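All remarks here apply to the structure that follows.
Chain nomenclature is as follows: A, B and C, assigned in order of appearance, with residue numbering initiated at 1 for each chain independently.
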Amino acid sequence: MATSPDSLQSRDAAEELRRCADSIDAQERGAEMHGLVRELYPICRSITGDGLRQSLRILQRIAPLQLREVPSGTQVFDWVVPREWNVRSARLLGPDGEVIADAGRLNLHLLNYSAPFRGKVQLEELQRHLHSLPDQPALVPYRTSYYKEDWGFCLTHELRNRLQPGEYEVQMDTSLAQGSLTYGELLVPGAQADEVLLSAHCCHPSLANDNLSGMVLCATLARLLAGTSPRYSYRFLFVPGTIGSIAWLALNEEKASRVAHGLVAACVGDSGMLTYKRSRRGDAEIDRAAVHVLAQSGQEYRVRDFTPYGYDERQYCSPGFNLPVGSLTRTPHGEYPEYHTSADDPALVKPEMLVDSLRRYLEIFEVLEGNRTYVNLSPKCEPQLGKRGLYGSVGGQSHAVASQMAMLWVLNLCDGTRTLLDVAERSRLRFSELRRAAEALRRAGLLAEERGRKQ
Amino acid sequence: MATSPDSLQSRDAAEELRRCADSIDAQERGAEMHGLVRELYPICRSITGDGLRQSLRILQRIAPLQLREVPSGTQVFDWVVPREWNVRSARLLGPDGEVIADAGRLNLHLLNYSAPFRGKVQLEELQRHLHSLPDQPALVPYRTSYYKEDWGFCLTHELRNRLQPGEYEVQMDTSLAQGSLTYGELLVPGAQADEVLLSAHCCHPSLANDNLSGMVLCATLARLLAGTSPRYSYRFLFVPGTIGSIAWLALNEEKASRVAHGLVAACVGDSGMLTYKRSRRGDAEIDRAAVHVLAQSGQEYRVRDFTPYGYDERQYCSPGFNLPVGSLTRTPHGEYPEYHTSADDPALVKPEMLVDSLRRYLEIFEVLEGNRTYVNLSPKCEPQLGKRGLYGSVGGQSHAVASQMAMLWVLNLCDGTRTLLDVAERSRLRFSELRRAAEALRRAGLLAEERGRKQ
Amino acid sequence: MATSPDSLQSRDAAEELRRCADSIDAQERGAEMHGLVRELYPICRSITGDGLRQSLRILQRIAPLQLREVPSGTQVFDWVVPREWNVRSARLLGPDGEVIADAGRLNLHLLNYSAPFRGKVQLEELQRHLHSLPDQPALVPYRTSYYKEDWGFCLTHELRNRLQPGEYEVQMDTSLAQGSLTYGELLVPGAQADEVLLSAHCCHPSLANDNLSGMVLCATLARLLAGTSPRYSYRFLFVPGTIGSIAWLALNEEKASRVAHGLVAACVGDSGMLTYKRSRRGDAEIDRAAVHVLAQSGQEYRVRDFTPYGYDERQYCSPGFNLPVGSLTRTPHGEYPEYHTSADDPALVKPEMLVDSLRRYLEIFEVLEGNRTYVNLSPKCEPQLGKRGLYGSVGGQSHAVASQMAMLWVLNLCDGTRTLLDVAERSRLRFSELRRAAEALRRAGLLAEERGRKQ
């Protein structure tokens, strides 16, 4: 049972990733990530347009992602890439000329994808173009109208209630024109062609947790991975939600078929507990790796079954693809009160939460990289670990220490039918402990990697 | 993927049944059903005889069931149809001539299937022929002696305790003679030969919940179904318990082989929560349909695994048949204090409970009728529902409404391997919501029924 | 379907074992077993040597086990049988000549397998050879050094803290020399070559629960089984822990392949609840039999999944063997405070607990012996039990009695695909009740044993 080069590499990569996760300087890394969130926050992004391009170019400072352009009108499965939308300014003035809403101050005030319009409307007609939150009257909502041509403004319900009858002036200086949809793509190549997909949506304007946190996390992951030699190739997609992932899937079906594992990253900066949403498959290796990492994190966490609502996992997990793609967030979409409102601002995102999320993503990669099938070469009774210096010499104590238990579990369960993740789930020991035990046993000649088995 | 006529029909039938369940006038229907219970109550039924015949003829006013006669002495598997039993009168007189028990006042006083006897017996000997309930001293028990020739009386324990020594006169004017066993049968034909079996036992004398409620429920179901065009054929059996279902199975093995789903109806009028007892198979479609309906009812309910004790499911689920037949009751046999006593009278049965049970049976039929396998014709990514008018145009809101979630679930899970009931179980949405979503998607050309798959 | 002789025998054996378990005189048997524990307690056992031999010879008074000798230096898989260890005396004297530790008073004082040594050492050096329990300062620990040549003493932490600087005299009069490892073996032959393995470790010196209780239990079981005619052959192993079971497996691979079920017996005398540790397979018949017996015991109990730590199940369940061997203990190793200390003395072991454990082992054997696959010969509907005297004649009562329920369950589930243990698990009735019901039905011609199916 010879060891193939990529096996050696992957063993090293898993250890590299472990050390990477362990050696993060939380303060420095957190400050850097949060700084990026603040820098990206004011830009008016949408599913197309210059705000999106500008945001992706800022991320290029962190990781060398490439910008791809898909022309308006391109058919992508059941959808058509819409006209490109850009905003010069958008203001709503009151009967006395006072500024009611100004996208220049907060781009959420603008109904995203509003068509250009200039004119005066009475309050009654204007109301049909206003969006506010009766239950959260002090917040401005985030609303869009991508596929029905419309214009509108979003404002606080408090302000809306104070609007007086009269004539309002709409200065909607936007454009909808032939152009393209932009997305960012980056491949960190590994020893294998099989890919790990990381996807973040980039279309939301001034919303910090949803999803500047995910964009910054993915860019940071890409930078850290570039310093390692992984077994898998890692593909990062920075896409406008829904239409962006659909466009990528439609134009890259062959690449999609190489996705062995995937995660959709979003809402990774708030103070809530980590939440893993399973892939449609439910028990894919990524599902098990993520749940193992969360279970061993020592923190509270949530695991949810797949539902066909949420982020771009909806597309990756559509039945025609059914990719093993889950989603790791902190508080899920729609479950925190600031969601899709002006309260999802950089203050909602905490540097230490960004770093904690980053660590868990790295730990999941460690599991994927190190998850191999081994076979005990001395399967009849336990081998004598003591004579190899792998076991304490004084007997009679009540419990074996963790590293010895890890060796005993690996020896007992590794019969060529189980991966290390299987052993981790069964033993409830940490994957890294088992991975290192396996490596010690392998070096002692007691264990070999099983060839020809998919991990 | 052409749509077969019976598919169209079943889609209509499911909707018809849904509307039927939704449009029941609870007050009117409850009064009618309870009136029938009261009318049937005084009749002295048994496993054979004129009381049984008379009861089935009353049900014919509701639904056109046919009376079948199986001659005494007919071998039915391991059993023999017994002699027919009839009662003219049955009285027990005390030493002073006072009436101790009189079947004319309450037919439970008579040990059911008592052989004829006239004579005087001392109290000591009489005691061996008396049945009472020490723990429920004010109630008269229901007791039978079908297969051991005997005579006896049932009375309250209070009265029994007051009996004085002396000579008692027994006037047991019954007959046991060559005749036949009677049962009622009705087939509501559907597009398919596959049958749904509904079975109610009819052999109990003056007991209202057990099982006049079940008899009246089945007759009412038969009448309502007659106004629809179902996919399945529905067979209703009104049989004396045990020997009746055994006789039907022995004489109709070919029909039994067509039973695709079945329910034994009993104790459906008391105020307890609904209780579903699974078939021996445990996960038959009928089991899953019934559990789904109860889980979505918004009421408390119970689900029990199969046990080989209870009603005629014992026979339908015997290993030589193993039919997918469960039982839907309210409080199960033996678990309410009035069970098999004089307290199981029409006052125990509530009109609104009869109607609630009726609705659940109809909802289960709706699931059976509408449970089809569909395939998403646009399986790569989500189709654009908005351009088809199936989705709201303003985006950004936290949650999709129920009908949109139903469409997303159907599109995501319907890959030709799952039925709508699978989707309902997985999504925890109501079956009717999913069924209507599937129908809307089918009309929009996004979904087709999968041919050649058993639902 | 003819009945083979060994089937008849096994049916008798199961009933014999039931009666044996039911007829144990708890007081007499408990006193006898506890007397043996007390007699064995003072002997200085180890994994080799005369203490071990002497202990096995005492057990020969109960059951005719044979002593086997494996010479020092024998290679047994990855291990080598060590030199034989014997002790003449072992004392530690203080600076003023006072006795600090004396194996003659309590053999735990001696680090088990200490090499011979005579000389004077300063306290500082002596400390490296002392073992005590800071958290349990009044107790002497049990410690060993089998595979690293060393000498040492175990003492209370209280005493250790009082030791004064100065010169200590070590009189370690032991020997490590070419000799052999001894184990005891006994086969109670049955109708089949398939074996039930019972294994107890015998290497611990003065520790009563761990494992004099297990040794005495196994010897008593062997004696009781010798009075029956079992279906299975029962092999009893009395082995030094780890090296003993490894030696037996290495030298008896063909016998090991005949092990159909097995239990490792240890810690069966303390007052804790019974604890079953599953075999590595997890759902072997022995696992299910043991769990059923505990679940029906009416006592609290624990069931644990297999872990590769504990007693000799570690070896029997190593992946190269993977034998269906579980372990039935009371409080598991390491989970009672007296474990591996001087407090694990005969007072910790209760006669009534020894007897309770003994009963459960016998009940597990009853299940193994009686677990057969039957087929209902009258599978269409229920057979009429009443006409065969197997069912009460007066109907209408709320619940069937237990023996009738047992018959109904057996008839309903025994279709040739299920064992009686399957029926017991499904019905939650006691195995013996079902076994007797099956026997009554078999005698009535309603049931036959299914040939050619592994039980």
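Basically, a contact is a pair of C-beta atoms (placed from the backbone, for glycine too) under 8 Å apart; a residue touches a chain by one contact, two chains touch by 3 or more.
A quick note: this is a predicted structure, and the numbers were derived from the prediction, not measured.
Common neighbours of subunit A and subunit B, listed by label, are C.
At the interface between subunit B and subunit C, under half of the residue numbers involved are used by both copies, so each side presents largely different positions. Chain centres here are Cα means. That of subunit B falls 53 Å from that of subunit C. The set of subunit B residues touching two or more other chains is empty. Contact residues of subunit A toward subunit C in the complex are 376, 378-384, 386-387, 393-400, 405, 408-409, 411-415, 427.
Only residues 76-79, 112, 131, 141-148, 150, 242, 245-246, 249-250, 280, 307-309, 314-315, 317-322, 333-334, 339-340 of subunit B touch subunit C when the two sit together in their complex.
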